[in-house]
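Below are structures written as structure tokens.
The same subunit A turns up in both complexes below, where it pairs with subunit B and then with subunit C.
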Partner chain A sequence: MGTTLQEGRVAISDDVLVIGGGLAGMTSALAAAEQGARVRLLSYKKSTLRNASGLIDLLGYTPNGDLVSDPFDAIATLPEGHPYERVGTEAIRAGFDLFDEAVGETYLGHHTDRNALVPTYGGTVKPTARYPVTTAAGLASDPRDTLLIGFEALSAFDAPLVADHLRAAGVPFDVRGVTVEFPKRFRADATAMRFARALDRDEPADEGPSNTRAALVESVKAHLDGAERVGFPALLGDDYPEEIRGTIETALGVDVFEVPMGPPSLPGLRLEDRLDGALDERGVRLTTGNPAVGFDADGGRVTTVYTDRNGRHVPFEAEQVVLASGGLVGKGVKSNREGVSEPIFDCHVPHPENRYEWFYDDAFDDHPFARFGVHVDRDLRPLDEGDEPEFENLRAAGSVLGGYDLAAEKSGSGVSISTGYAAGRAAGESA
Partner chain B sequence: MSKPESESEPTPDEYGTAQSESEFESDPVEAFDDAIDMDLRSGADDCYKCSTCDTSCPVAEVDDEFPGPKFQGPEQWRLKRGDDHDIDPSITDCSNCMRCDNACPSSVPLSQMHNTARGEYVEGLAPSLWNAEDAIADGEYREALSYLGDIPAELSIEFVRNRVLSNYGTMAGLGSKFPRLTNFVMSNRITKEVNDRLLGITGERDFPEFADQTFREWWRERGGPKVESADKRVAYFHGDYSNYNTPEVAKAMVRVYERFGYEIRVPTQRCSGTPMFANGMLRDARRAAEVNVTNLGDFIDRGYDVIASCTSCSMALRQEYPELFDFEETEKVSVHTYEALEYLRIHEDLEGELRDVKDVEFPDLAYHAPCHARNQGISTQAVELLSEAEGFEIEDVGDSCSGISGTYGWKTEKYDKSMQIGEDMFEHMRDAEGDTGLTECPTCAMQMGHGTGYEIRHPLEVLEAALVN
Partner chain C sequence: MSSHTDHHSRTGVVVIGGGSTGCGIARDLAMRGISVTLVERGNLTHGTTGRMHGLLHSGGRYAVADQESAKECIQETRVLDRIASHCVEMTGGLFAKLPADEEEYFQEKLQGCRDCNIPAEVLSGEEARELEPHLSPEVEKAIWVPDGAIDPFRLCVANAADADRHGGRIETHAPVTDLVVEDDAVVGVKVRHESGPGKRVHGKEGETEEIRADYVVNATGAWAGHVGEMAGLDIEVRPSKGVMTIMNVRQVDTVVNRCKPKGDADIVVPHETTCILGTTDEEVDDPDDYPEEQWEVDLMIDELSQLVPMLEDARTIRSYWGVRPLYEPPDTGTTDPTDISRQFFLLDHDERDDLGGMTSIVGGKFTTYRLMAEKISDHVCEQLGVSTRCETAEEALPGSEDFSVLRDYMDEFGLRSPIGKRSVQRLGSKADEVLKTGEPNPVICTCEAVTRAELRDAIGGSGTDLNAVRLRTRASMGNCQGGFCCHRMASELYPTHDESVVRESLDELYQERWKGQRHALWGEQLSQAMLNHALHATTMNRDRDPAKGSSAVEYADFDAGPGPAVDADGSTRATADGGVPDGGVSNESVTDESVSSGDGGDDAAGGTRGDQ
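For the complex of A and B:
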């Protein structure tokens, strides 16, 4: 280590240390805590779930690009080394059970193995295993005629365009999109958060005697024209989404749903709150603010992980460690012209030596780099160049894993949940 | 434990008085341009506009006019590359809570960008004043005189108010000479009205009382450290507030650390600079920082680590100094500085010590984590530690900002927003079982007391009561 601490120090000590505050890390921590272990979750920054759509996919497309209707059928055909092949079907189911329990009634989809089809703000249809209850009335498999509402001030959701795209995608219902004015005007670059807050507090509308919720209902009513359900961009409240959606549904007399949006994402934030609550309930200790940067090992075991705090290393001791630090975007896997690496434990990341073999020329080609990450044994322990575990007590979960293309397969959440669960449970059992 | 018989080692500047600091103030202030011209391009380039910072900003949440950290940082930086863009005045509405730093998934140095932009903005408000001060510092009195005529026209009440608030330590140094008189005057209704109307310092708050005896006076009277150690040595950065207003926190630090066998030194020091950063008074901050870095650096060379009991002080020494200044020992001081509880948790088995302590003075606690604790990775330490101890019930009152952010909530025009931001915390405190508030930050403590009427303690006071007889 670059900077060492004074001798005789007493490090902060836990049974299981999970590195990474995303979906994989949170699931790991929950699973380890379920085994009775004392668990610490280390996260550099605030959870990035607020950037996520809030949809929980499992497997939307096969590696060949075929749409998947039942993920569990397709998983049996995945190649060796794919994270799902590593953990096996049972762990995937158990991981999703844990997720379902943590999020409670705020998510749907657990009644079936089959994918649901949820409309997105790009006007596509996303195959997904679990979806927020606020999106439920909008499923594309539901034949009811649909009205989408956009707002002048929110350029990220162009309702007529979304409707055009959904129609082009061949959805089995009539869909129209109209743009109305939101009852309150905000600064030109206001985010969905500001709209949500106005609805949460039911702030007075800019014009007329009504408050935001009632005024919004009025402006939508005129466009209803026989539509059987109405979709809004996902901004119907941060603190009180159920109440707001209920109010609008009652007043309009039709079902209301949200269409998940890009960051900052309200469904992502709500999920983050829910999982934070679950971690808290299970006594998981949370340490945020500094990145994990290094470790000590003894006899093939990681003994201590260090975070970097302005150049000084702070030690955290643990019996078992789970690496859930993210992939290329989350900086759990790093690359430069010389090669691709995992920066905390320097675990082996297989990749071609010639960097011109990392990618193909077209943007949407089947790029090798998308599958870069650590390779693991069936206990999720990262493997070195000779296919031996790097460390006896280090497991990896989520997008730090290689061997799958989460963006093309639509499998990011499912891999995080199932490998997070398996790694966390194994760590908790061994600690 | 033994009292050192004599000061065998010379202790640089330990017993220095405020007067002796003037020698540093007369040093020429140079290279200020380093701070505002430093290359922040990579910060701007790293921003991929996810807006996570904006969703974490407590000011943006209550102030629709405030464009948020993404604009104040990367976007403003790019805009002012053009010749015709000045810094937007809204930069002064940022409270410098630094929550955006902790939010950014791409490690954009947001608060550094805000601090430099704010410094540049304030620099432009009173150029003649700064020029005159520079000239005086250089001993060029004739030149200084030539600027004098322009100063009054440039000074706004707000500027003067902000400079006064930034230099709280100087004010407090004077006030604490006559604590009873000052306390009487400052709590007087007429004083409050005058402050409010003329200066824009809110009359809604009670001015913090000055202690009858400052911590440094107490320390001198005590004869300095009562424990000597060759390997457990800390230099205490108490900051202005625990020196002038809450010496009980500083005394608790001394007693707890001596209980664990640490030799404590109390270097001569000035304000950490926190209120100066928040008000864009970077020149004042630079002067104070230079004194602190020089003096603390001397102690570090002799084997001491620096301990602060205020999370904003430790934040300034650790993060803001290296981001804004380049004194020779800035990095060294940054690396060797710790918050008081953080340091003990790393080096001592505090959990074990507390486990069986039963009869405690503050058994039911409602803890608020200061924003400045978050980036240092210590926002959960107090709850973690005390919830393991049998004698305590402790509850975190949520992750919202208290809303006062140092001087922000003291400004008349910001008071209502400050209280709106704090509403979440007040509500959670009222719902919490605990009847004693707990926090490391002195101004969060003010806000907690102001919003709820609770008695507020520092974790060191709780440790002192539990561990020191």
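For the complex of A and C:
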């Protein structure tokens, strides 16, 4: 695999070109490849899921803010224009089937339509549809008594505080938290990555004859006191999470789970690795490291997409193009003082003219900016100002789409998977 | 007015207002041996002081129009460089001339600086760009003056701390509800403790206190009129708002002024790791309620990118507004606030209004806060018959001594250089005491490199008011605007304070951080806002926190796991869907011991930070 670029001269040609290496882009590429198409994925940044918790939310709350137990019941009530309304229930289910197959045993939750409630590092619980197997023993509807372990040097997870907060959230089990010292000391600004690497390599502990894993088990054992499961912040290994968790479970004699954390997020990175493997298996070609910056069109069809490689434009030709370049965070949607735009194809992004109407005064209000993105027809083609498709063969997927607030609804991953699937399948069929 | 008062106390002098002037007065009086109580309605720097652009004036800005102020500025800049070196960075400043700016004014400025004894040197365009490479190629020439940058938060805290050290009482979150007047004299104030006396603690019920005093100083600046009204006084402050916009990096290392007579958006001040663009000058009716307008922010960038072109595409972090306490004596009749003098005025209400016991101080500016404090303290001492001399210009502020051995500190505390350097700078001579901790000292705020030890020290001084902690440490004031660290800061309140207090403090800090960003919500900062929104709402679910919700979560309605299954590591897990565990723990290696002790789960066994 890999890419041999003949820069600037002969364009690289594929059936389907997917722009964006996040969850939506990867799902799109898998779905298109499933149709037998020759697929290329363009990804600017190497790692795009490092900000993601690794939980796969489908729909956690209705637009009114009501907690959703069965997302498929609630989807029927979503307003016109919402990405789920655009693709329909069948595509959502098929997208999740594709995801389940791609991630295999590393994710759970497919046995039921119901959401699971997963403890967060903020001490709340949140509804999600699929969860990494490393988090499974921690579900909040599982009434086993719980011990949470935090580390002095990892300030983002204060285990006793999280335990108190969970208790305030009314979880149906006893939960305690203790803070211990990690067996190794790192520099003052070390992230979860550094902790994970020490466990991956089982580096020698700072004190005593043990290595990190065994020393960690020892420091937790003393606090077990009848707990039936033990939760750690999500740092139990980058390369060998199963092995590390297994070792700790065996030594402690109880189930072990991880609580997903903020960036850099190990469950997010592990998911990325897994999906990379799936892309590889399906023969998707990957080109990474350069941003898509422009295109050629002919008769209402995109013919060529250009990436920028050190100031030179490199052409990529395709029959069908999927735009999965991300939202405001991933820069698939850009803004300046004058307005909001989609930078690659200049697709129309509806937004209030006055930028003081992009937000409200309360931090967690229903902010218009959270819904910025391209609007699409039911075939996921971005629409221009007159509600006509911008291009015949361009579809959009994931957070470049507008009309939904992924944070308030807890729907980000689900929208990426279902629209990614629908766009990829349609592109693969048409190519 | 409430008739019931919970507490009564007595002090020598009450100072109303915890800005730079009030804190300076409290320090001055306390050092002269006078018992002093400072009351502030918010946290220190809550009003104008916390909302200035951090410029330590050489006086160059006033050298043409207001030479009295200019002379005071250069004198006080020298004093502050001496007594508050940990709050000051002597960056130097430039008055840069663009082709559109008048040559005549350039010459007047130069002459004005010389008249006022402000060191001034003319640089060619090339020389100026050598000093500041991002200066526009259009800049023809510039005047160099000894401007600097100053941290108003640290300065106020240092003054208040010194007042405290000399026996003064500093009472924040204590708004004055009334002035106590007896026999044509002010004899005290009534305050409402919004969160209990002393350091602020969330959730404590408010109480009232009457503080009797021999003398009252109204140092509330733009709010002086409001305080005056309580005793029927008419104080003609002319509050004037100005916007400041913070950039994400320090594009210039020197203060850059535009060399033109007056106008909006003509200064860039480097400040720690950022630059602050300023400002506008618009009179407002109410210092607590005025419009914060989009055009003001746009103007900063449009105008100042003429001086420093890279500002056009640079990332703004946030914008904030401050209100100047401008004052002009009655009947002056100035219509444009930029024409009002920056000099300060002592209004002795006995002479002026036949009401004894109180003086108001209005006008003036931050750079001369110490001089203002000295003048009014002299006046107060005269009223009280005290003859002690002012020593605030000679005695260094706490934190500014022994501050020469950065490298040693870094080694000693095992801090990486940027972290060590900045912690030690912020802490000054307190670094030893604060950072010398045997425990892990992780960085809590990565953008501003603030460590746990420093935060805990600040919490020791500010209680659960995380906004006050922020001002002391700069934590949450960098690029991410608190998205990555607000919750970590809040965690440091635990377990001293319980979970609900931590949650409330976090919500308050997060809201406050959000408020300021709103005026910079485009480009990178809008992307950051969306990331923060996703992190706090999606990953942490703080927007729909079930602990806050009115209706309890029906946990049994949700997935409790797929039931007995084979884990990735080959061991079995057991939880039945529907919330019933399959016999508790079924991991094959579970021992009888751990099962049999399963009822002792909630007594926080040995948790190093376990609560209750």
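Just so we're on the same page, the second predicted complex is superposed on the first by the 422 of 431 C-alpha atoms of A that agree within 3 Å, B and C clash if a C-alpha of one lies under 4 Å from a C-alpha of the other, contacts with A are read in each partner's own complex, and residues count from 1 in each chain.
Keep this in mind: a contact is a pair of C-beta atoms (placed from the backbone, for glycine too) under 8 Å apart; a residue touches a chain by one contact, two chains touch by 3 or more.
Values in this document were obtained by computation on a predicted structure and should not be read as measured data.
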According to the stated criteria, A:L269 is in contact with first (subunit B), second (subunit C), both, or neither; which is it?
first
First (subunit B), second (subunit C), both or neither: which does A:G412 touch?
second
Looking at A:V314, would you say it contacts subunit B, subunit C, both, or neither? Reply first, second, both or neither.
first
Partner, of subunit C and subunit B, that touches more residues belonging to subunit A
C
Which holds for A:R378: it touches subunit B only (first), subunit C only (second), both, or neither?
neither
Once chain A of both complexes is superposed, is A:N51 in touch with subunit B (first), subunit C (second), both, or neither?
both
Thinking of the overlay built on chain A, is A:R187 touched by subunit B (first), by subunit C (second), by both, or by neither?
both
Touching A:L108 in the superposition: subunit B (first), subunit C (second), both, neither?
second
Need the overlap of the two footprints on subunit A, from subunit B and from subunit C, as residue ranges.
51, 187, 189-190, 263
Would you tell me which residues of subunit C are touching subunit A in their complex?
294, 298, 301, 414-416, 419, 439-444, 446, 449, 451-452, 484, 487-488, 491-492, 494-495, 498-500, 502-503, 510-511, 513-515, 518, 521-523, 526-527, 529-531, 533-547, 552-563, 565, 567-571, 573, 575, 577, 579-581, 584-585, 587, 589-591, 594, 597-611
Name, in rising order, each residue of subunit B that touches subunit A in their complex.
50-52, 54-56, 61, 64-65, 67, 71, 102-105, 107, 231, 318-319, 322, 331, 334-336, 345-349, 374-380, 384
Within the complex, subunit C is touched by subunit A residues 51, 53, 57, 60-61, 65, 67, 69, 105-106, 108-109, 111-112, 114-117, 120-127, 133-134, 136-137, 139-145, 152-156, 158-161, 164-165, 167-172, 174, 176-181, 185, 187-190, 222-229, 241-243, 245-246, 249-250, 253-255, 260-263, 327-329, 331, 334-337, 354-356, 358-359, 361-364, 367, 369-370, 406-408, 410, 412
State the interface residues of subunit A toward subunit B in the complex, per the touch definition above.
3, 5-6, 8-12, 45-46, 48, 50-51, 186-187, 189-191, 193-194, 197, 263-264, 269, 285-290, 307, 309-312, 314-315, 330
